[in-house]
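The chains carry the letters A, B, C and D, assigned in the order they are written, with residues numbered from 1 in each.
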């Protein structure tokens, strides 16, 4: 077919940021996917709760200190997270490097606290269905923290290499910031489910 | 800084022949094994997906013939119960997870980028990874079948039969792990399609101008994203119950047997719409071309797609009408199950109106559309019948339901798929499939299908339950089963002829130009088979039927670079150009990551620690995958 | 070329072993069952040699998932729980601690079940068929196993009393909380 | 043409197989099956009418022909477009009305068919892997008894079957009398029906439950009320003591061999509950859950080699010599 040129594209930037970046939309889609998995696990928790004559089954409710420390830690990490997002939008390499180090630390800390959380659940995964769903919920969220921390660490190291000064990497930092917000926000309903519903 | 970068070459600096040569070199996939393992071209991966899925269709079909042979006579000794259980479970799991969903997604992978005028799918490396994972899952299931350790608990593996106490050995674990393989690959493709359709449409392709097939793939992708996590949570908890002793489905320790059915069918019913909606998209693409006029009620069709997608999540309990749920719950699901017939009605009537006003061209793709309309309406009506709770108590888990879902799956999805393959085969290979053989295929398949599955409605009402490996001669089911079994041979002959035509036309098919059917959508604006970069210049769209509005010339945009892989990112609703995004080159990392995932998943059937030490190589391959390679695609 | 042949050989071996573990042998020919009866026990009735037909059958009762699962069903059907509980031991001795008063061998467990033992273990010679006794013996051996077999059965849909046989060694985790 | 041949073919098959319909939903001998049969015919007629209308539209729409090369009309004129849109909207509204009508009919039928009736006969059916344990309850404990695979009920009286599962999910379904209801481990379901006229109606497990799901049948034998009471008294009596010498030897073999370790015969030392209760096995029409008619020969064949007849069954192959086998089968068939 003959072609008739009606539009020139060379003025466009070589890499879109924010809602123009396909990777941001990809992150959103994966958040929707994992969000529905979390919602289903909370659904299972409530389904088993409704069925059980007494909840929690044959165990004391989990000791809440470790979980609360985790929640405070995660919510606190939102502040540096927001800053890193803003610095990356401004392509400020020095501050982003600092921010990534902070976010790496603020990613590993929850994993350590999470070990204490597992010990304060007062139930094993194979004790009964209550224990099983508790460990599934906590395990699934821990996996998401671990994968996001690994992503933050790799991205952090990358910012210190020659690849760091590329605006594409700044886009990746923005996506990582977006995903960490998701990891923190999905923790809130799980926290309420695990620690406070048995005490209602 | 790194080695001095070569001067950027813009497509405006080259003449059209030089540009085509340079682009095909930039987007090329090397020949040989290394090229095959590292390709990220959506056309190669899409074609590979379709071929693999069709091989699984053929294998599953052979299993169906074995079942029909065993059921042809009462008290037949051909196949024992253990092998029969493996065969019907393998037939079901293979058709649903290894053929139907992947082949519909594969048609999307191949066609969506071409129909929206872009050069590759979004996240092409993820696309390669998804194929390798799908292939690994398929091989695992079929090798287990060859080793007499295939799952034997039915394609929906109800607990407690598939649970820790009654599911001896590793058979149910293999089923659950096959789910993990196919679901991760399906989710990956769904994410790619959503982002491709949202962000990489040709300039000017507003929401009203998106082809209905692309709308169908978009709604299907959202169905996958929201439904598949349910089956992944279900199969994960089943493996945890069997391997580390959790109690999700153990009634004695607070679990519940029905929790499995709720989780499975919350995914199960959207799954059948994940298979059906792309088929409606194919019908909506074939009909306009073969009646020489645009679709009637295009907006109605798109809204019907969305309505079907939303309603699909609200009717899973109609699979559980006889498990003793409270009557109020069941009646809610009767309403939702019946009401999903309305969007289906909208689609059927829009197609009929288009056929009514158009000038039908009796070529093979339209014959398959007619076969679809005749068969699917029967399937849809029996669907409305089983939505009624009292009637369902008589026909649930009988051959009536087997007949219903074959009418809506073979009639509703495989017929449109075969029509679509006849329709797009020239675009895939540059050659037309044979019209003469095609007519034989349609008639054999149509007659064979109806004579095989219509008697099953009667068998079901006469009390023949599902999944029985034999029956006694006193039951009076002998003659209908014999009719069904002999007709299955006609159906198999039809499919065999279809595969023969497919293979024969690869070399000896009549060469087809760019647009053999004078169709309207963008994929017919480029060569057949399309060059590696799809479009030398990105097309600009001004109407819903671009090639019918100006048949001779096509408006294009220029300004993309030719020395690196570039495609256009546009805004979500108006498709305004916003950026020149790069598309990754060939890379081996997705293949290595898929191998690491496969090793981890298969090893985790035997020991839970495999998830821990298996994660290390997986992390390594993922880091290798994402680490920037310093190619021109990385500039910004 | 021999690298490929070597890889195929490895796959074949894995395949055959998987085949053995997962095969459902529903019917034992009567002569084979009769042959399985002839166990040569030592004079004190503790250890002994299995009949050679047992190894000809490729030792199904210790490695076949279906026969171990049937053994677990027989364990609850014939009320072994009455004296041995879930393996923790009550009136009868425990199996979980991995200490076998009459030896850990499959033959001595078979002999214990078939001929009974002095301190109160009844003889099941006329109460169970030979295949059933072998299946039960194979299963009882997995309760006290130190490392979980791939073919070992998983938990029952009953109250949880201890980690299931496929999560051996049960002894270690039974003691801590 | 193929459709016409198909329709006549299926109608012919329909007629000749209806005679053996003792497990067919198309033969109703009780409530709610009769109501369900009417609903089936209604749904079939409505469905057939809708299908015929749609096919008529399709055939008429395909009457004109064209070649693929004919020029496509990119923008058809709006008047035709508006007329077609109105036709489609009309058809969709018709679909909605039909669907609403069917929904309301379904609710009405569901409500009509499940009346709460007074003083039903309560029978407890418990599903095992691949047979049915039937327990007749009574106010006085000594008048409750256990049987297997065959359920006698009085005609004309409402029956409530309490369903529970011992291992996996099964489904209790006797199409001539009622729709199916699942037996779910950990849950108690009930099914209610009333048999109108006496007769023998066959049912079968309808939820895949493992190797022998195909041979897990049961009979519902509807007797006139006084014949039912007579049968019930007979079932309460302990097992008949063996008459002839062969039957006595059979009883001795039964008690000494592995049989007594799984089965119960009331009034004898055999009291194990792993397998079905054999106190009145001779009076049942079938053995092994509807697999074989009850005769001395079938009993001998079943005891001699159960795995060949029902591969995967939990019944072991107890080694008996010919004389013991004859004696045991004579004894069992004498337990009327």
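What we mean here is this: a residue touches a chain if its C-beta (ideal position, glycine included) is under 8 Å from a C-beta of that chain, and two chains touch if they have at least 3 such contacts.
Predicted, not measured: the structure shown is a model, and the values here were computed from it.
Asker: B-D or A-C: which has the larger count of contacting C-beta pairs?
Answerer: Spelling it out, more C-beta pairs touch across B-D than across the other pair.
Asker: So, what's the distance in Å between the C-alpha centres of chain D and chain C?
Answerer: Result: the chain centres lie 38 Å from each other.
Asker: Distance between chain A and chain C based on Cα centroids, please, to the nearest Å.
Answerer: Result: the chain centres lie 47 Å from each other.
Asker: For chain A and chain D, let me know how many angstrom lie between their CA-based centres, rounded off.
Answerer: Comparing mean C-alpha positions, chain D is 52 Å from chain A.
Asker: Residues of chain C that touch two or more other chains: which are they?
Answerer: Those would be 24, 26, 155, 157, 160, 163.
Asker: Residue numbers in chain B touching 2 or more other chains?
Answerer: 80, 82, 160, 165, 241, 244-245, 247, 250-253, 256
Asker: At least two other chains touched by the same residue of chain D: list those residues.
Answerer: 185, 211, 311-312
Asker: Kindly provide every pair of chains that touch.
Answerer: Between chains, contact exists in these pairs: A-B, A-C, B-C, B-D, C-D.
Asker: Chain B touches which residues of chain A in the complex?
Answerer: These residues of chain A touch chain B: 1-16, 19-22, 25-26, 29-30, 32-34, 36-37, 40-41, 44, 47-48, 51-52, 57, 125-133, 135-136, 150, 154, 158, 162-163, 166-169.
Asker: Please output the residues of chain C touching chain A within their complex, sorted ascending.
Answerer: On the chain C side, the touching residues are 155, 160, 163, 177.
Asker: What residues on chain B touch chain D, complex-wise?
Answerer: Those residues of chain B that touch chain D are 80-82, 85, 153-154, 158, 160-161, 165-166, 251-252, 256-258, 288-294, 296-297, 300, 322-324, 327, 331, 334-335, 338-339, 341-342, 345-346, 348-350, 352-353, 355-357, 359-363, 370, 373-374, 377-378, 381-382, 384-385, 387-398, 443, 446-447, 450-451, 454-455, 458, 461-463, 465-471, 474-480, 483, 516-518, 520, 543, 545, 548-549.
Asker: In their shared complex, at which residues does chain D touch chain C?
Answerer: 185, 211, 256-258, 260-262, 274, 305, 307-308, 311-312, 314, 316-319
Asker: Along chain A, where are the residues that touch chain C in the complex?
Answerer: Chain A residues touching chain C: 124, 126-128.
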